[in-house]
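Residue numbering begins at 1 within each chain, and the chains themselves are lettered A, B and C in the order written.
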Amino acid sequence: MSQDIYVVIEHLRGQVADISYVLCAAARQLAAASGGQVVGVLLGHNVQGLAQDVAVDRLLVMDDPQLADFIPDRYQQALAGLLSAQAPRVTLFGDTSIGAELAGGLSVQLGWPLVSYCRSVRADDGRLLYISQLCGGKVMAEGEIPAPHALLAMVPGGFQAEQGKRTSPPPVETVASAAVGGRITLKQYIEPESGDVDISKEAILVSVGRGIQNADNIEMVQELAAALGGVVSASRPVVDQGWLPTTRLVGKSGKRVKPRLYLALGISGAPEHAEAITDSQTIIAVNTDASAPIFDIARYGTTLDLFDLVPALTEKVRQAKQ
Amino acid sequence: MHIVVPVKLVPDLVEELVIDASGCALDPDTLRLQLNEFDGHAIEQAILLKERGGGQVTVIAPDLEGVDDVLYTAAAKGADRLIKLCDHFGQAVNNHAMARAVAEVIKPLQPDLVLTGVQSHSDLDGSIGPLLAGYLAMPYVGYIAGVTLSDGRATVRKEYPGGLVAELEVTLPAVLGIQAADQPPRYVAFSRIRQAMKSATIEEQTVAALDTSGGPAVARMYKPEVAARATMLDGKPDEVADQLVALFRELGVL
Amino acid sequence: MATATVPPSSATFSKSFYASLHEIPGGEKVRTCLQCGTCNGVCPFGYLMDYPPGKMIAALRAQRFERVTEAETVWMCVSCYACSQVCPVRIPLTAGLMTRAKEELLLAGNIPSELQIALENTQRYGNPLGESPRKRADWAKGVKPRVPIMSEERRPVEVLWFVGDYGSYHPRVQPVSRALANVFNALRIDFGILGAEEVSDGDSQRLAGERGLFEMLAAKNGRAFSQYEFKEIVTGDPHAYNAFKNEYPRLGIAYPVRHYTEFLAERLDALKPLLKHEVNARVTYHDPCYLGRANGVFEAPRQLLSAIPGIELVEMPHNRTTSLCCGGGGGGMWIDGFQWEKAHTRLSEWRVREAMKVGADILAVACPYEAPRFEDATKTVPGAARLIVRDIAELLAEAMGD
């Protein structure tokens, strides 16, 4: 039995998912307490050069044409072989459309307990603890990470991706694949439709309300959204005026959204709008009216005039990205 | 085609959640339960498949407060058979225990397809679907929005963040985790539910003692602190912009 | 919107639908339709409907009623009673034809998704807003003296105040409820509310085609009513008023009911000395469909407004029986998005424009749907930002120095 912390590096079509770095950051914390190493596991085909910046002590690469795409049962078999042989103390997965189903299947196959919705981890007197967010984040559950082996499915929020990165590539070891063709096959990928964006799926929304005053001012907001890598959405008055299409409408009669960042510009926060944004991770409101109800649901706010703030902010965001 | 849909009842977040005296669980007396939203999609998907290709839909639910309403509503929408799992649900039941119990009920039904909601907000030990697939020794694919059936196979659309979809083919029998049904769950008029209450029967099945191994113990449960009102940022536009950029970094959006 | 099967095209469907209209009081009058088209013309959204009421009857007579349910524009109907009001042969168009047509669409599962959410909320929580039933009396926190809740009082009261969904939960209407509580307290009215035992009156759900849900809600409210002793029910919600007055008795739940404006107008002598503070404003009053046209209460609200010192009461061109609908009735409250897509205009905006035209400073209302709807419209109608929307209860409380 080892005290190592394993991290299943998640990637899709040649891109390492952000959650993988979050996992590494959490793994570092656990390894410091357990006295083991952080070991990355990268499954795929022709993945040399991928995941060179994950903060692991060792990176195990399982390269197999059978693992070229994420096929749940093949990936599960491959990992089951590796994990049962290495017997790490804790194995971390993203609580995602890849990691969640692997972790569940492996929990039954290996007979190892699983903790999901894990937001953070910590050590207390030599014990390793999980902190999970349940009920949509309304309740936190904390307890010991079961021993001797456990699987953790993690959600973002507790660690910064930056904490899970390293500048020099980690030592790489190649391991044999145990993938077995199964009862699931990939037929094709279907690319996202090129029509208008689906604001309910966007991670960053810069949303405008009546405070934007006229159609010409939308451009200024679009520039900020572009700089942030997000899209522009709106409250009803803006869409009613035809300044933005109805696909961008957030609210009772529009879409419910759940971005990581909801930047509300000149939006008062009427209940019809407010109810549709409550699932946002962080709401930041800009409104000259200090008593606007949007400030009751926003995490941060400012009463600066958006016309003063937005150009300055766009510039600062651009600088920060360089 | 026999499709089985095991569903979960979860805390309704419209009500205030209260931690019980032990400090490590939700207070059952103040809890109001409701059908897990994704399970509603799983039921809808099952009924759509039945409407398209014929077959039978069986819905299984644990005997908790409100379960009869959930099952009769499913019947009003088109479910054929309703099974209620009885006994042992007074204690805290985790998903490993639930999946084991459900697997025992499902095995003799010999379904072609098992549909579950891809997740629920109270899955502390993983979602039901992959666990159930493990106990039934069936393949599992989750995060599905779109299912078609033909020749003992299901073709499913698995969703990845950012909108990419993988079309996968799964040999039946299989367990699928439904993210969204092909169509949003239908509305069923209250008069139809009332009819179902008169005409449909709920079968009660006793489960053997629940085995909760596989999930973690909870030592402490608490509510995260929430700021009542926004933290206000003051200063000149440039200064506030700097504060915001720092915030964006902290939030991981920059 | 879910695409569900509509009933098969057949004469049978038309016949059974036609027969079902006769089960409604006065429903047999559908036979006497003159096809004059007045109803089509007066309907605020008639120009958008493939089948406004008159054409609907024509389709019925031609035994092609399935075309009506396929067209689904009956969801533009806001049950405002304008058609019923002008029908020369008094066919119950709103309560009968339009509502029955919505019932058919709803049974087929063919309803706007926004409406589905409101109806599912009502099924689950007893209110269309999806709020916790336990918090139904939260609006009353801070009112002094305390608002008595019947289950805690355990004593007979004069007045059982039915607060209603929006009065209980909507952030714009909760202050109206508090204002009315203050008025009651100032008049030393012996009253109580049901609190968590109250559920939606269900009238708008019924007019949106959900009769089964309406009956379930009526039974629940009926059970709550039967547990307590009171002389009459008073409500601020004209939809609840309509339900208790005209619909609940048919289900065996019969209690005297009045709208708060009627109740207070009867106490003008006691009320007037309390109205010490002037409200210097030009005020126009909007007749709610379910207080005015549907139930004939026109003067009590005007008497109350006239009793407030400083107020100059002016009438809009459309008043009393010709009042313009705010767009919230018959389920309209819950399908703003659907109706906007079809109409690209809002009925509430027409009303706000009319209020502006008569030079009003304040648009006075007496229905919980209206303050939020008209206030919203003042934000989109050019130049209307200065128009203030107030419930009569709020104006009374203000005049009392609240």
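In the analysis below, contacts are C-beta pairs under 8 Å (C-beta built on N, C-alpha and C of every residue); 3 or more make two chains touch, one makes a residue touch a chain.
What you are looking at is a predicted structure, and each value in this text was computed from that prediction instead of being measured.
Visitor: Counting C-beta pairs in contact, pick out the pair of chains that comes out on top.
Guide: Per chain pair, the contact count peaks at A-B.
Visitor: Going by CA means, which chain is nearest the middle of everything shown?
Guide: Minimum centroid-to-centroid distance belongs to B.
Visitor: Determine, using the mean of C-alpha atoms as each chain's centre, which chain is farthest from chain B.
Guide: The chain farthest from chain B, judged by C-alpha centres, is C.
Visitor: Go ahead and note the Å separation of the Cα centroids belonging to chain A and chain C.
Guide: Taking the mean C-alpha position of each chain, the two centres sit 45 Å apart.
Visitor: Hey, how far is the Cα centre of chain A from the one of chain B, in Å?
Guide: Distance between chain centres: 21 Å.
Visitor: Quick one: chain B and chain C, Cα centre-to-centre, how many Å?
Guide: Each chain's C-alpha centroid was found; their separation is 37 Å.
Visitor: Inside the complex, what are the residues of chain A that reach chain B?
Guide: Those in contact with chain B are residues 12-13, 17-18, 69-73, 96-98, 100-105, 107-109, 111-117, 129-130, 132-146, 150, 153, 156, 160-161, 182-193, 198, 201, 203-204, 228-230, 260-261, 281-285, 295-296, 298-304, 308-309, 312-313, 315-317, 320-321.
Visitor: Along chain A, where are the residues that touch chain C in the complex?
Guide: 210, 237, 240-241, 246, 252-254, 270-271, 293
Visitor: Which residues of chain B touch chain C in their complex?
Guide: On the chain B side, the touching residues are 14-16, 34, 183-184, 186-194.
Visitor: Could you please specify the touching residues of chain C with respect to chain B in the complex?
Guide: Going by the criterion above, the answer is residues 2-4, 106-107, 109, 111, 113, 116, 119-120, 123-125, 130-132, 134, 210-213, 215-216.
Visitor: In their shared complex, at which residues does chain C touch chain A?
Guide: Its residues touching chain A are 114, 170-172, 336-338, 340-341, 376, 379-380.
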